[in-house]
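Presented below are the structures under discussion, each in the form of structure tokens.
Okay, so subunit A shows up in both of these, paired with subunit B first and subunit C after.
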Partner chain A sequence: MTRLARTSVWPGISLAAGIFVVCLVLSLVLGPVSLSLSQLWHFVTTGPVPGDLQNAIFWQIRMPRVLLACLVGAELAVAGVILQDLFLNPLTDPYVTGVSSGAALGATIGIVLHWAQLPWMTVLALIGGFATLGIVWMAARRRGRIDIFVLLLAGVTISYLASAIVTVLMIQANQDMHAIIYWLMGSFSGRGWQEVEIALVAVPFMIVPLFFSREMDILLQGEKRALELGVEVERTKRLLLVTAGVLTAIAVSVCGIIGFVGLVVPHIVRLLVGPSHRGLLPVSLLVGASMMGIADLLSRTVIAPNEIPVGVVTTFVGAPLFVYLLRRGRKG
Partner chain B sequence: MALVTLRDVDFAYDERPVLRRISFDLEAGDFVGIVGPNGSGKSTLIDLIDGLQHPGAGEVLINGVPTNRFRRRQMACEVALVPQHFALDFDLSVREVVEMGSYCRGKGAESCGDAELTLARLGIPELAGRRFTELSGGEKQLVVLAQALMQHAKLLLLDEPASALDVSHQLRLFDLLKELNGEGLSVLCILHDLNLAIHYFDKLLVLSDGEVAAYGPSDEVLRPEIVEAVYGVRAYLHRHAGRTYLTFSPRLRPERRGRVHLVCGGGTGAGLMRELVDAGYDVSAGVLNALDTDEETGRELGLPMAVEAPFSPIGEEADAENRELMRRADLVIVAAVPVSHGNVRNIKAVLEVAAAGTPVWAVRGVLDADFTGVTAELEPAGVEFFADDAEMLAALSKRMPRQAGARGADAPAHEVDAPDTGALTT
Partner chain C sequence: MSTTRQRRGLAAVIIPAALALLVLGAVALAGCGSSSSSGGGASPAASVSSGPITVTDGSGASVTLQQPAARIVSLAPANTEIAYAVGAGDKMVAGTSYDDYPAAAKSLPKIGDFANPSVEKIASFNPDLVLAAGGIQAGLRSKLEKLGMQVYVVDPKTYDGVMTEIANVGRLAGASAQAQQVVDTMKKAETDVQAKVGSAVKVTAFLEIYSKPLMTAGTDTFINDMIGIAGGTNIGAAAGSGYPNFSTEILFKDDPAVYIADSGSMSKPGDLSKRAGYSDLTAVKDGHVYVIQDNIIARPGPRLAQGLQELAKMIHPEAYATQ
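Now for the complex of A and B:
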């Protein structure tokens, strides 16, 4: 009996991991105060040293910021993969479920109430995100099933509603308008270890989908076919929806709404390694982390000491790359 | 214990009833086709057996266990389904698609490697490396069948698996299913082609309007009267080259369009007969020799005919019967039949009714194969000639000659008053 080897996903994952390491190193060494590789090695190996200014900049400012960017990028990319494949809709990004708008509303309330200090703002954003997920979830329940299209519509509707409330709050709270807009645009500026700790909570939620890659592959054929092939569709769908919701809520709560990564990274990775989730999920995770790391690097260096909003950079970096890959097509 | 048992199953989508009082058993090793009109509940029945829907009343049992007690994975190990529609827009390879079928079997090594073998079994090993989205409709259907076979289930349900296949692939598919059935796989297959159903399936289940209209051996089930009752079309059973075929005509319109008598023979009238019956005329024919092609066609169509013994000239009795049929007709049609001393009486009878005022139409070909010379009298008698069958039928659809007095007693009254009655000019 001839048994052909399954196409391995490891070359793709290794390559993505390599790229991620390069991006991570670049993000850590470059900045208003650039470091040499040996300095980087020195700082990493010695750890935080009190009293050393350069060491403090590295450990207190740059390291948490870079880690946070990479974590958020990975979270959004994984959430994007999950939602695009659940909705079978290529235009889906992690924000369609309304979770991000809910989180934005929570954060805006925090700013207006002058609870803008951590952890309150993050907590309010998380509450807003989860409350929205709950509302959308209830709206989409039909006879014990989650109707994925109702969920999409409800998510978009709630998004608009939350955005409208945010607008009203912005107008009411004149003096806070700048803070709200800045938060909504999304940024890693001034974020520290506290945010990194929150973002780390999402790591298990990035791992969970990896165990469901086969189910997710089968779901690409639609829910009915998945049932026929033996997948417990409702259970899988719920688990994945909650996972994507948690990932999105956590990402938005620590850094605001950063667009494009969750939409475009899954597409780019599908073009590179194909739609099978054994490769798609881990590679998207790594590419999302790399892309966000580089985008944040550019946002803080291109017009230093000022910053370009990182969401603008992700779009500037991602759009041409995506168009190029679309034109080239998936490699044979 | 039966492999599948349905007991008094009712099913409704929302309030709309789809299936009513369905009861039947499927034994292990059965090879059964499901036929029935669109919307008769065939696909729903299959979904019920696969546990994708649950009955509103009654029960569906697989090996004696109600379907709602199965986990999806267990069910997929028992029952595999090949759906009618299959959508996959993502760029997966055929091998990846086929391997999804083994999901229910877990990650065991023995079930992972045989995607290639299954594809080879279906005669499409070369597709393994191709992208699924690039395949033709027929290839996709075979790949989905391969996916279902990877489940290694005992029962295979198929929902119109041949609908996207050309005739060669259709036959190959059903031959293959038959072969798999020989190896112990039970098969329950929805199909629309009743002739394929007769040829391939041992048993047929006929669904009509959500109920079982018939269930049993194929030749007993697909009798013309059952087909007519279920599909609302006329069905005719033919035997040809050792096989049984069904052909179909639209159901007769409620109003009769008139009575036509056909003089033909040797296959010159079979086409006209069928066309006239389909168009809604009451058709009679004669005199024909028994076992003549036209006589056989008339018999299959159930027409009243004056019949003489095989290879015999027309006798008194048949001639009298024929004249009676002609007298009752609104129109007599003479096909391009060769005329010899054996059937010259037919033409003489035609001349007589023409003289009595019944319109007579003839295909010009009848003049060419006349060994008696009698057809020369047709034109002077006022018979109208047409170049061929098609021209005659076209003329008939525009002006059906009517003769109120010559109509049978069973004709509906409104026919008499029909305003569009165009009188034939003779």
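Now for the complex of A and C:
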């Protein structure tokens, strides 16, 4: 069985990697100002050149934006896989732990205090995200173990609480309402290398779960069974929760709340490559990156020079694809 | 279960609110009206014509008052500024929590903020004229009219449209004479600007309303009109009407000669030259980056006269330097 699984994940990963490369190239080439492949090669090989506006469009505007979208997509997809399997709940997305609402609260405080410039905004969003995770964690701890269902409920409750505080702040500081709303909507517009650097911090956290794919597979059969099979259940849960929390908080802190990718990508990938995490995690990472890259591409090109909010695009792209795959999956 | 509800809750609250706020953004800009320096003056002696007064408001609806308004409620800072500027300040019975100009307006009773005016609160002042804004307040008119209130919607799309609205509000408040003075001041500012820059070659300009996401003023806005009067070509007009998002890539491709960032309570542009890639923009390299206060450019009221002159100086500094 294991040997079979081991040999069969690579075609899926290679295909997903291939799709990702195509999406990456498309995102870099296409835009309101489109490039040819040879121009792309030229820009990539020459690197950033100060003073050249075409070069600036590519290296200062498009490249960081595309990389950021792909990183955030990958982060949310991996966090989605972890949390759906940890909670054994298909409706889970990276935002249920309350981390995103906590991050939103942190960012809102930043806006209200007029500390909205990077890196303060990110720092506050991270603090908000981690503080929420901490509170939820404390609430769910019973005699040294984490009760997953309490965690889920506490996460949702804290989410509501944080959202309510955000609303109160919006009403109190009504001149800042726009800034808060735009931040909450999520966008890659106006993001640069600074945000990419922050999102890159999450890369190790995307790789960590890959080393726990066996434990995650066993956990799918329930904690009791996992204990019988010798999995250090509590340690694994703690590690995975923190990983998902960090991934979500970092993603939210650079671009606001962008829905659907973290919910739908894991499901799509499960339908395509099955539930084994050795395939599921890396393929989800690549599909998440591809999907967010393409969603942002559409967001900045379809009605250019105007832009569609990227969260709207992820939903429009993801929903039909998901329904199609669900139907196909059921038939098969 | 709870997870779905939570997420839907979040999406259900945030997305419509955000969209409403996008509209509100335009309206707030439109609504945060200003008044001329003559604002605050009470003029009980303003001309009162006998018989009903009928005017057409900014939404195209006809508004008729049997006699000049004596109890005015304003639902937008711009409207408050207009009322004070035409000398109807003493007839104002309530304003919004955003009202900050003229100083006298700050102490008016409040009907709530601009986005959520309370119908009950408005009715409690028993106004004979409500000065509303367009956009997000569009649904409010029928509610107020059902309660027997007269509603005038201030929603100008051009600089001249602002003058028309001011004249109309003046007529409704029985203050036509002073309203005419305000309009004359605005007209003079326009004529002066045209005399300075009318013959100059049009210069490409970008006006930033908000930076993340990048937003600008599109067609059918008085800001777009004013950029034109000030001798500029608004590259933001390509993105459509109202206050659309704008592609940063197109901004770089169009590379405007002048970059003007709106600053105020809603938006703080910060140091533009430090934004990614901005140091390569012609406007930044040539030092043609300006910050303009939003209450003289984004509030459709008498202070737009000042905003127009500032815009002209930013877009055509050479026309003013030679004097």
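A few comments on the model shown:
Here is the rule we use: the second predicted complex is superposed on the first by the 322 of 332 C-alpha atoms of A that agree within 3 Å, B and C clash if a C-alpha of one lies under 4 Å from a C-alpha of the other, contacts with A are read in each partner's own complex, and residues count from 1 in each chain.
What we mean here is this: a contact is a pair of C-beta atoms (placed from the backbone, for glycine too) under 8 Å apart; a residue touches a chain by one contact, two chains touch by 3 or more.
Computed from a prediction, not measured in an experiment: that's the story for all the values here.
Shared-chain residue A:96: touches subunit C; no touch with subunit B. Contacts of A:228 after superposition on the shared chain: subunit B is touched, whereas subunit C is not.
Of the two partner chains, neither subunit B nor subunit C is touched by A:47. In the superposition on chain A, the chain among subunit B and subunit C reaching more residues of subunit A is C.
In the superposed model, A:144 makes contact with neither subunit B nor subunit C.
By the touch criterion stated above, subunit A contacts subunit C in their complex at residues 31-33, 50-53, 55-57, 59-62, 64, 89, 91-93, 95-96, 101, 114, 116-117, 152-153, 156, 159-160, 163, 171, 174-179, 181-185, 187, 189-194, 257, 259, 263, 300, 303-307, 309, 311.
Across the interface of their complex, subunit A is touched by residues 50, 52, 71-77, 80-81, 83, 86-93, 95-96, 99-101, 103-104, 112-114, 116-117, 128, 147, 151 of subunit B. Of all the residues in subunit A, the ones that touch subunit B in their complex are 1-4, 6-7, 88, 214-215, 217-218, 220-222, 224-225, 227-233, 270, 274-276, 330.
Interface residues of subunit C, counted against subunit A in their complex, comprise 1-7, 9-11, 13-15, 17-18, 21, 25, 28, 97-98, 113-115, 210-214, 238-240, 244-250, 252-253, 255, 265-268, 270, 275-277, 279-282.
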